[in-house]
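One structure below.
Chain naming follows the written order as A, B, C and D, and within any one chain the residues start at number 1.
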Amino acid sequence: MGEAFPSLGRKLRLGLVGGGPGSMIGPVHRLAATFDGRFELVAGVLSSSPERARLAAKALGLAGYASLEEMLAGERLDAVAVMTPNDRHFAACRTALDAGLHVICDKPLTNALTEARTLAALAEEKRLVVCLTHVYAAYPMIRQARAMVAAGAVGALRAVQVEYLQAGMSAAVEQREQTPKLRWKLDARRSGPSLVLGDIGTHAHHLASFVAGRPVRRLAADLGAVVPGRSVDDYAAMLLRFEGDVRGTLFCSQALAGTENQITLRVFGESGHLEWTHERPNHLKFALQGKAVQTLARGDADLLPAAARLIRIARGHPEGYFEAFANLYRDAAEAIASRLTGQPADPLALDFPTAADGVAGLAFVEAAVASRAAGGGWVDVPAG
Amino acid sequence: MGEAFPSLGRKLRLGLVGGGPGSMIGPVHRLAATFDGRFELVAGVLSSSPERARLAAKALGLAGYASLEEMLAGERLDAVAVMTPNDRHFAACRTALDAGLHVICDKPLTNALTEARTLAALAEEKRLVVCLTHVYAAYPMIRQARAMVAAGAVGALRAVQVEYLQAGMSAAVEQREQTPKLRWKLDARRSGPSLVLGDIGTHAHHLASFVAGRPVRRLAADLGAVVPGRSVDDYAAMLLRFEGDVRGTLFCSQALAGTENQITLRVFGESGHLEWTHERPNHLKFALQGKAVQTLARGDADLLPAAARLIRIARGHPEGYFEAFANLYRDAAEAIASRLTGQPADPLALDFPTAADGVAGLAFVEAAVASRAAGGGWVDVPAG
Amino acid sequence: MGEAFPSLGRKLRLGLVGGGPGSMIGPVHRLAATFDGRFELVAGVLSSSPERARLAAKALGLAGYASLEEMLAGERLDAVAVMTPNDRHFAACRTALDAGLHVICDKPLTNALTEARTLAALAEEKRLVVCLTHVYAAYPMIRQARAMVAAGAVGALRAVQVEYLQAGMSAAVEQREQTPKLRWKLDARRSGPSLVLGDIGTHAHHLASFVAGRPVRRLAADLGAVVPGRSVDDYAAMLLRFEGDVRGTLFCSQALAGTENQITLRVFGESGHLEWTHERPNHLKFALQGKAVQTLARGDADLLPAAARLIRIARGHPEGYFEAFANLYRDAAEAIASRLTGQPADPLALDFPTAADGVAGLAFVEAAVASRAAGGGWVDVPAG
Amino acid sequence: MGEAFPSLGRKLRLGLVGGGPGSMIGPVHRLAATFDGRFELVAGVLSSSPERARLAAKALGLAGYASLEEMLAGERLDAVAVMTPNDRHFAACRTALDAGLHVICDKPLTNALTEARTLAALAEEKRLVVCLTHVYAAYPMIRQARAMVAAGAVGALRAVQVEYLQAGMSAAVEQREQTPKLRWKLDARRSGPSLVLGDIGTHAHHLASFVAGRPVRRLAADLGAVVPGRSVDDYAAMLLRFEGDVRGTLFCSQALAGTENQITLRVFGESGHLEWTHERPNHLKFALQGKAVQTLARGDADLLPAAARLIRIARGHPEGYFEAFANLYRDAAEAIASRLTGQPADPLALDFPTAADGVAGLAFVEAAVASRAAGGGWVDVPAG
C-alpha cells in the first residue's frame, strides 16, 4: 500500500473552503485529508462570516481567511477542499482551478449542469485533479463489486437497483428553529433544483453507475415531497435505463422516519447478483444461480486488486465511513502528486470520482426534474 | 384458537381441481386444507388428461374425475379448490359457484378483469365464499403489520415499497425441454396478459395494499423481459399512488439469478416504519424515529389480536410457508361454516383475500399493461 | 419423496399417551403424526384424570381411555406416542413395547439411565422401533451439516459448540400460581435429576453428537440455578470431550430473560466450520478458511441426499418447527412399515433418534450430575 | 466532544517502542495516536535491530533510535507507546515509568503477574498514566452496554458469556517458513504462559469484566492446543464465577478455521439481556423479557453519556476498529494532559483500561494455567 506513490517528498498543502462550526462534513474532510499523512491542513475559509471564519481557523490551528481569494493570495497551496453549501461550490472550484490548484469537492459538484460542464472543461484544460467525494464508491467492497461486474462475475447485466434512505427530513423541520445548515437546505436557490437529489440522489446515481460500469441514459421520475407543505423535494423514485438498455430503479428519500442512512445496491446479471448495503460495508453478497450464496469479506485472500489495495487491516476488524473517505483523499493525493512530479500514479488510484462524474450527476438531476415537468414520463439524460 | 368456530360438527368436504403430478402448489393446497382438520379431501380433477387424472387421484386416495362437472355430479361437496393453470381458473370457479359451492382459488383469480368481476358478482349474489390464496398475507407478522398501520403505529403514511424477487426464469428456459408447467407459463394465452404480474406481481400488489390498508389508484410501469428473446414478461418496476395520494413502488421479477423467492415490504409513516421480509417471516421490524429499532417476534406477548390468533406455537419455534397457507384454509373454513350454519364467524377470521381482491389484482395488471402501451406513462387503475 | 416407502397399503394406527389440555407439545405431536398422511390418530390417554382424559379425547374425535392398559386392550394399534410428564415415560414406553407396539417418545426417554437401558434392550429384543423426538435433528440443514461433517467438508474436527437458550424460567415462577405443566417441572421427582438438562440439555447434547458424528466421552459441568431460591436446575455450562479427544462446550439455560428458544451449533474442523441457528433454520453457514463464507439454503440444487430428501418445497419458502417434527414421524412411519412388511426402508429414513440416543442422553445427564457432585471436575460419561 | 479537554496548548509528544515493519498493530497505534490531533509522533525504537530501526523511523519521518534508553536521552517526550513482542513490554514500560513518562501499552501488559503488579505500583507511585489498549472496550456500544448494566437495565446479573474466535493459527503454521511475528508467538518464552490467552483471552476477559462491572473470581479452564503437535495454547474454554457469584463462560481460540476475529459478548440479567458482536460494532441488542427486541444504534438520540461522548458521526455512518483505537488514545491524552496541567479531566474520559486491568488480566491468565495444572478443576483468581 503506497509503495508506488509518486515521490513528492513532502505533504500536499491543502486549503479548506467551508466546513466550519456546525458542519457535519467538515470534520470528516479534515480527518480524511490527514488520515494517511498525504496532506497537511494549512489554511481555511471556514465561514462566510469573517469573524467566525477567523475564530474557527484558530480553533483548528489553521491560518484563517475571510475569502478564498485572500487565502490563495496568502498561502502557497497545492489543493483546495470545498465543502460549502451547494450553491457556492461552483465559484469556489472555478476560482481554485483558475489559480492552478487541484480540487477536492463535496457533492454535488454544482447546482447546475452548465456549471459542472464549465468546471470539467477547466480542469481538463489545466490538467488539474478534481476529486468529487462520492464516498460510498470508495468502500473496498464497492470497488470489489465494480471489478467483479467488469470481469463478468454475474454475466450480462439484467437489472440494477439502488436506494438511499434517510430520516433527517421526516419531521416537519420547516416549523422548527432552523440551524444554518437546515436553512440553506430548505432554500431551493441554495440547495439546488432538487434537494433530495443533490443531497443523496447523486450519491445513489453515482454508486449504481460506478458499479454497473455504465451511465444512466433514460429515466422516468416520481419526484416531490412526502411531508405535507414542504417546498423542496424529499422523495424520488425512478425507473432507469442504463447504457445497453439495462433496466434499473433508483429510490431515495430524506423523509423516511426510522431509517439510518441506509444505502443498498444490487446488480443482477444473467448468472447471479451482487448486493451491498451500507449497514454492513465490509461485506458483499455474491449469489450465483444454483450455488450457495457467498459473503465476501473485506480482507478475504482473493479479493481483486481494486479492492485489496484499499484494505487497511485484517479481515474481521471493521472499517467504516472515515476510512472510505480517507481512501478518496489518498487517491486524490496520488493523482495530484503524479501531476506535480510527472511520475505515473498507480492506475487503480485513479478510479475516484471526478468532475466528469459531477457532470453526470447534474445531468441526472436535470433529467429527473425534466421528467417531473413532463408529468413523470421518460426523458433522456443529457450527455456529459 | 378455534373455540369460536361455528359448530358444523363435521369436516368440510373439498374437491380439488388441478394440482396433480408435477404441480408445485398442489401438495401445498392439500396439506393446508387438512392441516387444521377442518377439511377432508374427497375427490379431485387432478389433470386435464382423464387417464392421468384417474391415476393421480388414486395415488392420493381420492375419488378421481375427468372434469369438474363430473365431480360435481358425483360428489356432495362443500367447496372446491382451484389450482389449475391460470387460464382455467375462471371457468372452474364459475362452474363451482354456479353449483352453489364455496371456492378456494389460487391467484390470479382470472386472466382478465372482466372475468374477475363476473366471479365477484356471482359470489356476492349467491353469498358464497371465495378465498384467494395470497398466502403471504396470511403470515402472522403481516397481519400484525396491517393491524399496526391501521392503529396508527407509524402515523400518516408517507410511502410504501414492495418487492418480490425470483430466479426461476433467469435462465433462457425457452430453449430447454419444457415441463408442462413451464409450457403453459410461456404461452401468454394461458398465463395471462403479463406472466410476471400474474405469477408474483399480484402477490406483491395485494400484500402492499393489504398492509397499507388502501388500494393502488394510479401507476406508471416499466414492464417487459430482461432475458433476451423472451416473449412473456419477466420484469416489472412501477411507481405507485395509493389512495390518499400515498407514494409507493413495486418491483418484481422472475429473472433475477441468485435470488430465492424474496419478498420485502416496507411501510413508511410520519413517525416510523415497518419492514417485513419473507426470508425471516416470524419477525417484523418496527423503527420509530428517534427510538431504538424494535424487532417484533411471532409469539411476543403483546401482539395485536389479528396476529395473535394465528400463532400456532411459542416464540422461537419457527413457522413457515405451510402454516401461512393453512391459515388461509382455516379461515376459509370458518367463513364457510358460518355460511352453512348461520352462526357468526370470528370477525378476524374474515380478513382473508376474496374475489374482491382478485378483481383488484386484475385491475392492477390491466393498468400496468395499459401504462406500457402508453409508453410507460401514468395511468389510473380501474375501479373494482 | 416417499416413492420407496414400504407398501403397507394403509395408515399406521397410533395411540396417544399424554399431550392433553394445557400441553404445548401435544398438538405438535398430533399434527406431525398426520402431516404426511402416514398415521391416523385412533385413541388417546390424554390426561391422568379419567374424566379429563375422556373429554379431551372427545374434543379431538378420538377414542378416550383412562389408562394405557385400557387403550391397548381396547384398540388394535401399531404404535404409541408418549408425551406425558417425564417421570411417566418409562412405564408407558415399557408397557407399549411389552405389548409389541412401536413407540414414538418425547425426550428425555426416561428420568434415569438404567430405565433408558431397559427400554433400549427391550426394543432391541422385540425388534420394535423407538423414535425419540429430538426434533432439531430433523431439520434438513442439520442433516446436511451431519452429512457434510461425515464427508469431511470441514476436515478433522477441532471443536464443537452447542448452546440452547430459553427464557421461560427467568422469572421466579415458583411464586406464581402454577400451571400443571409447571408444577411437575418444578418437582424434581417428576422432571428428573436436572430439569434444564432433561428439558433442553439433552436436545443440545444430541444435536452436537449427531452432527459431529461422535459421542461425548468426558465432561466437566457447571450445573445449578441462577434464579435465587430455585431448587431445580435452570443453568448448565459444560466443557466436553467428544470421542477422538475432540474438544467442545455445551451451554443451556431456561432462565435467560429475553431469549427465544435459541439454539446454535458450530462444528469447527481443520479447514473450516459449519454454523446453524434455530432462528434461521433453512440456512447453514459454511466457512472454509481463506474462502468467502457460504450460506447454504434448504432447497439448494446440490444438497446432499440426507438433506435433499427432507425438502418439502422450493428454496425461499420457509419451513419450520412443524415440518421438522413431521420429518421424524414420517421416518418413524417408514421404519415401522418396514418392520411390519419386511420390506426394506430407505436407509436415509433410519437416521432418526432412537432408544440408543435416549440412553446416551441419560448417560450425559448422569455424568453432568456426577461432575457437580465432584465439585465440577471432569468425569467420564457412562458407556451406552 | 473535547471542549472540556485540559488546555495543554500543544500536542503531546509520543515516542514509539516496537510496531515497525511487519507489525500489524504498529500502524494502528500510529494512526490512533494522531487521529484526534492530541499526540504528535516524535521518535521511535521500531525494531530490535538498530539498522532496521533506523530505516523504519526514517520511512515514517521519525527520529530513529536503537534503544528506549537512547530515545529517552535524545528526546523530550510526554509518553511512550509500547507495542513490542509481549516479553519486552515489562522492561519498556518500567523504563518509561522510571523516566517519568506516561505509557500506552499493547496488551497483555506483561507476561507475568508479578511484573504487572510492579508496573501498576510504579505508575501509582509516580502518578503516571498507563493506558492498556484493550480496544474492544472502547467501542461506543460497549460503553453503552457497560453503562446500561451499571444502571440496572437488565436487572441483577444472572450470567455473562464472552467468546473470541480467530483463524490465524488454524493451519499448522509451525511447518511454514515463519515471519518474525509468528516466530516470537510460537516461542512460549516470549509470548507468555499461554499464547491464546495473552493474544485474545485477555481481551475477552477484560471485555466481560468491563461490561459486567465486576471481576472474575474463580474459574475452571480447558486450555490447550487443538492443532496436533502444537506446543503453545490455541484454545481455551472456561467456566467462570464473577464477583457476587454470577456465573459465566469464556471461549477463545485462534485455531478456528473460517472465523474472522469474531467477538461476542452477552450479559444476562433477571429482566433481559444485552448482546454485542464485533461483526456489527455499531449496534447493541437489548432484549427485555416479554418485550420486542431492541437494536440500539451508535448515534441514537438517547444513548447514555458514556457512549454518546464517543460518537464521531451520525447514526448510519459506520465507525470501526480504528475509531475505537483512537478513542483510547484520545482518552489517554486527556488523562495525561490532566496530570500535566493539574486541570481535571472529564470523568468519563478516565474509563479506559489501565495497569490495574493489566494486573487483572495476568491474574486471569495465571489462574487458567493453574486450573490446567490442577486437571481442569476450579481455582481462585489471584487478587489484583
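Methods note: a contact is a pair of C-beta atoms (placed from the backbone, for glycine too) under 8 Å apart; a residue touches a chain by one contact, two chains touch by 3 or more.
Note that the structure is a prediction, hence the values are computed from the model and not measured.
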A-C against A-D, pair bridged by the larger set of C-beta contacts: A-D
Most distant chain from subunit C by Cα centroid: A
Distance from the mean Cα position of subunit D to that of subunit C, given in whole angstrom: 42
Intercentroid distance (Cα basis), subunit C paired with subunit A, Å: 55
Rounded Å distance, subunit A centre to subunit D centre (Cα mean): 35
Sequence positions of subunit D contacting 2 or more other chains: 259, 291, 293, 297
Residues on subunit B engaged by subunit D in the complex (per definition of touch): 286, 290-297, 300-302
Residues of subunit B touching subunit C in the complex: 24, 27-28, 31, 34-35, 166, 259-262, 278-282, 297, 299, 312-323
Partner subunit D, residues of subunit C touching it in the complex: 154-155, 158-159, 161, 167, 170-171, 220, 222, 224, 226-227, 235, 237, 239, 247, 249, 251, 253, 255-259, 268-273, 287-289, 291, 293, 375-378
